[in-house]
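Structure first, commentary second.
So that you can tell them apart, the chains are marked A, B, C and D in the order they are listed, and the count of residues begins at 1 in each.
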Amino acid sequence: MIVSMKLHANKADIESVCERVRDFGYKIHAIEGEERVVIGIVGTGDVTACLESIEAMPGVEKAVRISAPYKFVSKEFRDTRTIIRVNGHDIGGDEFTVMAGPCSVENERQIMETAEGVAAAGAHMLRGGAFKPRTSPYDFQGMELDGLKLLRKAREATGLAIVTEVMSDNDVDLVAEYADVLQIGARNMQNFALLKALGRTKRPILLKRGLSSTIKELLMSAEYITAHGNPNVILCERGIRTFETATRNTCDITAVAVLNELTHLPVILDPSHATGKRSLVPALSRAAVAIGADGIIVEVHPNPAKAMSDGAQSLDFAMFRKMMADMEPYVELWKRARLSEAVVAV
Amino acid sequence: MIVSMKLHANKADIESVCERVRDFGYKIHAIEGEERVVIGIVGTGDVTACLESIEAMPGVEKAVRISAPYKFVSKEFRDTRTIIRVNGHDIGGDEFTVMAGPCSVENERQIMETAEGVAAAGAHMLRGGAFKPRTSPYDFQGMELDGLKLLRKAREATGLAIVTEVMSDNDVDLVAEYADVLQIGARNMQNFALLKALGRTKRPILLKRGLSSTIKELLMSAEYITAHGNPNVILCERGIRTFETATRNTCDITAVAVLNELTHLPVILDPSHATGKRSLVPALSRAAVAIGADGIIVEVHPNPAKAMSDGAQSLDFAMFRKMMADMEPYVELWKRARLSEAVVAV
Amino acid sequence: MIVSMKLHANKADIESVCERVRDFGYKIHAIEGEERVVIGIVGTGDVTACLESIEAMPGVEKAVRISAPYKFVSKEFRDTRTIIRVNGHDIGGDEFTVMAGPCSVENERQIMETAEGVAAAGAHMLRGGAFKPRTSPYDFQGMELDGLKLLRKAREATGLAIVTEVMSDNDVDLVAEYADVLQIGARNMQNFALLKALGRTKRPILLKRGLSSTIKELLMSAEYITAHGNPNVILCERGIRTFETATRNTCDITAVAVLNELTHLPVILDPSHATGKRSLVPALSRAAVAIGADGIIVEVHPNPAKAMSDGAQSLDFAMFRKMMADMEPYVELWKRARLSEAVVAV
Amino acid sequence: MIVSMKLHANKADIESVCERVRDFGYKIHAIEGEERVVIGIVGTGDVTACLESIEAMPGVEKAVRISAPYKFVSKEFRDTRTIIRVNGHDIGGDEFTVMAGPCSVENERQIMETAEGVAAAGAHMLRGGAFKPRTSPYDFQGMELDGLKLLRKAREATGLAIVTEVMSDNDVDLVAEYADVLQIGARNMQNFALLKALGRTKRPILLKRGLSSTIKELLMSAEYITAHGNPNVILCERGIRTFETATRNTCDITAVAVLNELTHLPVILDPSHATGKRSLVPALSRAAVAIGADGIIVEVHPNPAKAMSDGAQSLDFAMFRKMMADMEPYVELWKRARLSEAVVAV
């Protein structure tokens, strides 16, 4: 941590800061600047409380944290990719992962048809919500337990692993019984009661970035789950909220590349929520492959026009098949790059 | 709902849209524009699913919702202010409400001293967190049940009502046993499992606006609580997240005036989280009074420099007393305006 | 400037950074951290180029600037308020300044009526655009020179000083001939060719904050004008662009308080552009007074419904008079605070 | 345009709106809704003034524009791609365009070396700033005319076309004499005096999206240039400003796909400003190819560590060569897609 004093900070102010630092158990290395005094502070452990305490003291211009506040999820802690094996498929490994399915499980026919449709087109996992977070209390809230049962049925029929959302710490055990991967929605990325409960399950977690969460906060939420016992976290960029209204969200695609520099966890992209518009999904999916994401999660529905939610951003089977075919040569380039990376590592 | 077709939309496209509308049970009023066809749709109830279904159909340019998606919380539903009586004090009535206290309950001495300090300076309620949402798993997470017990003790000693945060639907009943008002933090504004549970308690709710939530979404979350049975919701503007980093958040103070036009619910402002810096709190509090907020919620700590959280934005007792004194004439003007409004209403 | 190295940065990386620093002529004070190496750099002058050069060197985690990049406009440079005398009225002094008038000068009758209307209600200056920045090439672009002449006429008739926008460095001399204060619109806040030209005029400048400009960037633009020779700059908060669409912009009212801590320049607020909706203007104007702005600039039009631009946010004369009357007691409190501040300073 | 009235709007309010509409010369089609009255308005031409006038009338809930406010740049106006021929190379055609070079022209050796370096690696155009927009008045402001002369020299030596920035309407003719393409920086995207001047030159324009400009506003600025006489506009996504600080800006890569749906103009991407960090540039460039951009503009410098500006985001020659080689198979896929699109069009 570094504290810089104001231009006219007096000796008493400086001494008070130093005292506070020592109260917290850290060591001091003072630098006498020509224009102003800057104080370097050295120590292990989390410095948040100390930093917050100091930054509003008299005479202080700025207090800056130097070390990243996360540990287990950082590349400094572990420099090989975390590979998460789900139902025989490796997420974060040498194969590009495609999760596909409807926004909500609506009825048996819809979910069974979709499972077969996306499996035939090459998807590795089936997505589908049984518990639905909806902005309005008057919108469809999901089939809940009945939905989970239908997902299990679809799993048995197609062999696809299941990824589905859990919205409350109460439901973690229940959903974990039916799902292969537990999805945490953007609005729950900082639901800390839920994150702690996820640390206690053995299922891998798909953690979506919050609408206005920084990349660092996303990593901190992953750190919560890891620190509470579950190291199997898949990160997901799904668009952030900005002033632009032409798309439902603004896809921060560069976040994928940034995360690849900072963490060993797999990173996937959700082109459906990022755009909100089905015609934009195939182009953004190709870009996700090209930038080096580990996979995508896409909304597909047998009849998007009649979907109970997210119809505008869902692909039908024909569009999904075409998209998968068009992505194929990009995925080939992706694999080549991934394999050559492994060779370099050896 | 209004649907406008693209310039070159053909008859078949238009007919498909009309058919879809009828499938949802709505009536159609078509307008033949000179340049393009616009379709007006009339009907009661929520149109979200229909709108989402139509907006991605071939030939559609744009689909726009006309009615507000909330009902119980709107002024159209009820045009007199909701007044919430807490421990003999009316929130939303003719008195400006001041809630004050530390970010976290840290120990008995700290909370008892603070309760006495803020009561002496004129606060109406004591705030203090027993369950703390923290970005890092390594930061202090709150005293939990022990904290609630200390808050009860402070209530008994000073007569101040208690407002404290609840973070999980699991804890609603427990916290409701100890607190007069249940606070929902910004990161939980769209924790729908929690909102539903809040609908089933009888305690008033203090609902903070999410970091990137629109005013409309804040009202929708209030609608959740109301629709599930609890009409006593206090809204709170606490700053939104923008590109500006000079303050912790950007206070959207105009939201107070906008909410006063849209809803009958009380609206308060949190100048501590909105700024993140104690020196800015008194000026913003005065502005909150002037714009017509129903109250403020302020962080006060016996020794901010040693606070376990939010030290930089907490006032000490002397600063809080001075702020309350300086605010006094503004509060007088506020009361005069509130009373003359009542006269007009008669 | 402070440079922190990555956890596993090697000696060669550290040495390269030190060499680079010395190349730029700065001195080094290295700190050996327990976890990582942090390098303190001391020197006068602007460090931007050095910082940009270092922050992407191998082994570097972060490079942080310590000193503010502006000088003349900072409180560290001058700690008494800059008072700008315009036509016998002091902006930034002991009187709250009200600038009012239409978005655009439309014709003689409109501007003369408005000038008389706002003067009668107590405004100190007349605003009105002769050169108009419009998003669409098909919208009304202003009366240009004819508009300036009408403003002069209104000035002669009412004695009100004139504030009007200049959009190009070409027009600075022309506009300066007719106007008392030159306004720079939000979209031109970083039009550096224009800022340089403004440094060469003697007229005071009203500099509006850009839609996505930070407070620091606003100060840097003021520094441009000052560094090029003109120290008479009035800053203006007019709302920034965020995700919220209920208002035209999001008023960052706290920026007024932040600027009052950082700079000696006067700061005013534009409640018309900040809200985009006339019903919200009076409440926000009161808040501007309460938070300590030096004045406001408000859109007023004889018949807002027929205005050629910004009709939705313009007040008519009756609303403006009522707002001025309602603001009066708040302005009294403002004056009292301003005068007591002067006493403290003595 | 559609106007929806409030729930309790009375007959007089509705009649006033209708009258206003007729005053502007538009026709009315009223719809009697069950819950509220909605008024449809039909007419050609720009409706901005009418819309602004109506949206704040008593009883009005919302006024919504239906037609896009731009015309010449829209796909509805022209449905084949605009191809801009520069120095024998087609931008927007069947070849992916690479513009590369330093942020600023610093001296003869630097620009000549860079020109040769990027030409050898396969770039089609040389970028380099002679007039530099800098946030601080104390930063290097560019070599101006001397810089332009050096660019001409580099053009003669390598045959590369030149793209360079113009910052003031005063300089358009001068820069047009030396450059093949005139670049408009993000901060000048709504410098309307400049846009008008650009309409009068014959040089193609590279128009960068503003930091907080919507896609629609970018198109409106292109419409300005086109409406004033110059149809040769290349659009450029270079990142927008959001709350995220891990990158210099947030690249809204989906904007490329959105623009490809809305306009016939070529669209390129600037991965250097979008990220601010050289290590992220190659990954984002690949994504730009994959999503269907017409090209990229990249910062390259012989010795980024010693660059006078933007060093952190500039590639050196070796990195640029490697990036070009790695992009090659993606560009091949891009070409195949572009050619098959042409076949479909036939």
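The rule is simple: a contact is a pair of C-beta atoms (placed from the backbone, for glycine too) under 8 Å apart; a residue touches a chain by one contact, two chains touch by 3 or more.
Please read these numbers as outputs of a predicted model, since none were measured by experiment.
Peer 1: Using C-alpha centres only, name the chain that sits farthest from subunit B.
Peer 2: It is D whose centre lies farthest from that of subunit B.
Peer 1: Which chain pair is joined by more contacting C-beta pairs, A-D or A-B?
Peer 2: A-B
Peer 1: From the mean C-alpha coordinate of subunit A to that of subunit C, what's the distance rounded to whole Å?
Peer 2: Measuring from centre to centre gives 38 Å for this pair.
Peer 1: Report the inter-chain centroid distance for subunit A and subunit B in whole angstrom, where each centroid is the mean of the CA atoms.
Peer 2: The mean C-alpha positions of subunit A and subunit B differ by 27 Å.
Peer 1: What is the distance in Å between the mean C-alpha positions of subunit A and subunit D?
Peer 2: Chain centres of subunit A and subunit D, defined by C-alpha means, are spaced 30 Å apart.
Peer 1: Hey, what residues on subunit D touch two or more of the other chains?
Peer 2: Residues 212, 241-243, 245, 279.
Peer 1: Taking the touch rule as given, give the residues of subunit A at its contact with subunit D in the complex, in rising order.
Peer 2: Subunit A reaches subunit D through residues 212, 214-216, 240, 242-247, 250-258, 260-261, 274-275, 279-280, 283-284, 286-292, 329-330, 333.
Peer 1: If we count contacts the way the header does, which residues on subunit B are in touch with subunit D in the complex?
Peer 2: Result: residues 2, 4, 6-8, 29, 31, 33-36, 38, 40, 42-44, 61-62, 64, 66-67, 76, 241-243, 245 of subunit B touch subunit D.
Peer 1: What residues on subunit B touch subunit A, complex-wise?
Peer 2: Touching subunit A: residues 20, 23, 45-46, 48-49, 52-57, 69-70, 133-141, 167-171, 187-188, 190-195, 210-212, 217, 220, 223-224, 227-228, 241, 277-279, 304-313 of subunit B.
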